[in-house]
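The next block holds one structure in the form of structure tokens; read it before the comments.
Naming follows writing order (A, B, C and D), and every chain is counted from residue 1.
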Amino acid sequence: MTDRVVAEANPALIEDLVDANRILYHLGVVDGFGHVSARDPNDPSRFIISRSMAPALVTMADLMAIRLDGRPVSDNAPTPYLERFIHGEIYAARPDVVAVVHSHSSAIIPFTVVPTATLKPLSHMSGFIGDGAPVFEIRDTAGPNNDMLVRSPELGRALAKSLGAHNIVLMRGHGSTVVGFNLRQAVYRAVYAEVNARQQSEALRLGTPIYLTPGEAVESAKANDGQQDRSWNLWKRAIADKGLA
Amino acid sequence: MTDRVVAEANPALIEDLVDANRILYHLGVVDGFGHVSARDPNDPSRFIISRSMAPALVTMADLMAIRLDGRPVSDNAPTPYLERFIHGEIYAARPDVVAVVHSHSSAIIPFTVVPTATLKPLSHMSGFIGDGAPVFEIRDTAGPNNDMLVRSPELGRALAKSLGAHNIVLMRGHGSTVVGFNLRQAVYRAVYAEVNARQQSEALRLGTPIYLTPGEAVESAKANDGQQDRSWNLWKRAIADKGLA
Amino acid sequence: MTDRVVAEANPALIEDLVDANRILYHLGVVDGFGHVSARDPNDPSRFIISRSMAPALVTMADLMAIRLDGRPVSDNAPTPYLERFIHGEIYAARPDVVAVVHSHSSAIIPFTVVPTATLKPLSHMSGFIGDGAPVFEIRDTAGPNNDMLVRSPELGRALAKSLGAHNIVLMRGHGSTVVGFNLRQAVYRAVYAEVNARQQSEALRLGTPIYLTPGEAVESAKANDGQQDRSWNLWKRAIADKGLA
Amino acid sequence: MTDRVVAEANPALIEDLVDANRILYHLGVVDGFGHVSARDPNDPSRFIISRSMAPALVTMADLMAIRLDGRPVSDNAPTPYLERFIHGEIYAARPDVVAVVHSHSSAIIPFTVVPTATLKPLSHMSGFIGDGAPVFEIRDTAGPNNDMLVRSPELGRALAKSLGAHNIVLMRGHGSTVVGFNLRQAVYRAVYAEVNARQQSEALRLGTPIYLTPGEAVESAKANDGQQDRSWNLWKRAIADKGLA
């Protein structure tokens, strides 16, 4: 049974959130791990996210509401993700953010561990990366024997601080977190951050790449924001064809 | 309902155009973005292309006719692609061209941003690349704060000028555009330009590759032109098996 | 008909072992070759494994019990894998191990043949790699004209010695073997060792990677051990969707 | 209707030949191009191969018999592959060979164009590569303006000469040809030559790889020859699951 608080939320958003979980799996952004959330449009002090489980298997009944400090809203809530603080503390620090995707997508990982390699926007599809993605070093807060997980409000705040005003933050030896002004935008960004990483990695081996200028990054991101339903409709159909939705 | 003008066009071409959209998606040349067009055989001053949407979902009813200057032929036309000027201005500049594919295919992007790396024909499947693909730098026309999109006749003309007499032009930080003397040939070229990019990138890391001589490029392209239905029939069957057609 | 000894074993373990074969194929860890075993919970001096065949096609009826020295338990046993000594001798040397996966997964092979490249944990998903995977050189035991296969108890013992107290051992020009404290953990490790190899290979080309500290490796491995059913449930569903189970 | 001569051949071989076409497509060794043949067991002076078409679509009715000099055996034979001379001249030069696969598989192409990079056996799965694959340079026979195709007996003989006593010959800017003592072995070799190329390419970027010794190559190839049905059964099932057989 769906979390009572969730059941009262915008049905269209709930449907999108379930789809987002499956789309991110279908496109290889998440595997058994990773999570996606949306801020509750009825109450910006909480967000909606799946209980702790593989994203591909999430249904409406698995969604739950969590307060920004990480406490589930409902009594008898199911087990939440250990790393829900990624979402809560970013929503707390960034009132403009209404959706968050955390993943371990594969091509991004190398950029999280090589200090001399900064993820930068290579094409107009990834203008949202702006002037380059910051990298969160968990050791700075949690020390050298940490378990790499953002498992406390304190670590969530440190991550949100690394994110700053960016749309994406890499996490050393772990993955990345992207934010959006709406859920479909956050999914788009998670997908194309991975695409950009793969292409940038190739480009760096060919020679010295020309990146988008700051102006090109801003303008192309704006242009793509107007086209997000084109991808969304395709992805929704793709998961339906695969029997994932 | 199909555009009235389109409905009068060659039914075999219309079927191929719908198939082309799905084939390009099936083979990973386009994702939610990219487009393919054919010049109207009844009126060379216009071309047929989908309305603005993801190629994989295009049906006959989504096709529309557009004049070479970018104006839809029909009143009450649906929303056209922002970048229809890629197609129109190339058809205007190149009377020999009857089909155009624009895509962001992944392995080509690195070659668009590294000035020292020129896409060249590595194998007999990609002789159509000729003496190396030119690269269109949109900044030269649109300035440093452009949104990377070929969204005007002026930018379309600049792109067509970069293309010149080649069969393919790369677009910095964006993708590529290939042209053909028929639709199936243009699809073939879009597919194997991407294959060539992937293989060339690998070869460049192994050492200094031997490329096709100009004569080999011309002759192998000619030989392959006679074999295009072999690939087309395979791809048509593949999209049917996937339920895409 | 299932091996009589196997039929008496824990039904849940048997089901997991069949699933493990198919999951490892589904995720590209094994192809026609490779094998997975579990120590018999009723008798630690023997282990359960498929007869010699492609893992993807294994059913319950193909499982057999083998003694640690490599002799099948049942009379009239089917043909066992030539390399069953990998399993038997590791179980003999490591009483803590209850599951073993041997594979030729593709991204790991390069790390087995380049002495200067050591497989190390790049992200929190692969903390189990610890301070770096040892490499087994079969020539040291079998001489320069060997057939690369661990086809005798002596070679199995040499491999177990290379493994030592690690969770994974690479095999030069051959593949790798991972061990687990339970079957699902061994499968998880086989999957993420391959993921780590792919990412580490990319990272090494970008520059000098930061690896997990020994403390991070231990702590993140511990954290993931508590989450293994999340992946397992996903993978079980994925093989069912593919008609593999 | 099947070629009359083919209809008289060994039914098991005919079935394997159809399956071989589909398996090679399923595993990405061939796309719309490439071909596989078997020497006619009833008459070693001819071989059986598909008419000119995409391998994935080949059925029994598409098979035809061709003489070693490239002339179809039957009157009214369908259009044969332009490059049938690859097969015929190798069968003529190598009485020990009973099956041939020609493909453009992707990871091998870079090794055909970089003179300093020799395809060598990296793992026990590819011992059949022996002391390194020779490379056929078509320009040496056909001059600098050739169309890259082995379209004459003379070119076929030159290719067979490059192959010599090896099991595989690379073709510059084109692909490769592998031979086998039986059809399943030739398919196995085509598949694992591609796997080896991919892994060797990765290994070369990590450092200096240790290749199999000549003894290891011979012995591991011998061991794998005894296991070929394991892969074949898996692949046959995989194409059946995909509706390809």
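The rule is simple: a contact is a pair of C-beta atoms (placed from the backbone, for glycine too) under 8 Å apart; a residue touches a chain by one contact, two chains touch by 3 or more.
Being a predicted model, the structure only gives us computed values, none of them experimental.
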Please identify each chain that touches chain B as well as chain D. none
Quick one: which chain's Cα centre is the longest way from chain B's? C
Numbering shared by both copies at the chain B-chain A contact, with half separating same from different: different
For chain A versus chain D, what separation do you get between their C-alpha means, in angstrom? 46
So, in whole Å, the Cα centroid of chain A is separated from that of chain C by 32
Flagged in chain A as touching 2+ other chains are 205
Chains touch one another in the pairs A-B, A-C, B-D, C-D
What residues of chain C sit close enough to touch chain A in their complex? 122-125, 127, 195, 198-199, 202-203, 205-213, 215-216, 218-220, 222-223, 227, 230-231, 233-235, 237-238, 241
Residue numbers of chain C touching chain D in their complex, please. 31-33, 52-54, 56-57, 82, 104, 106-107, 109-117, 139, 144-149, 172-175, 201, 204-205, 242-243
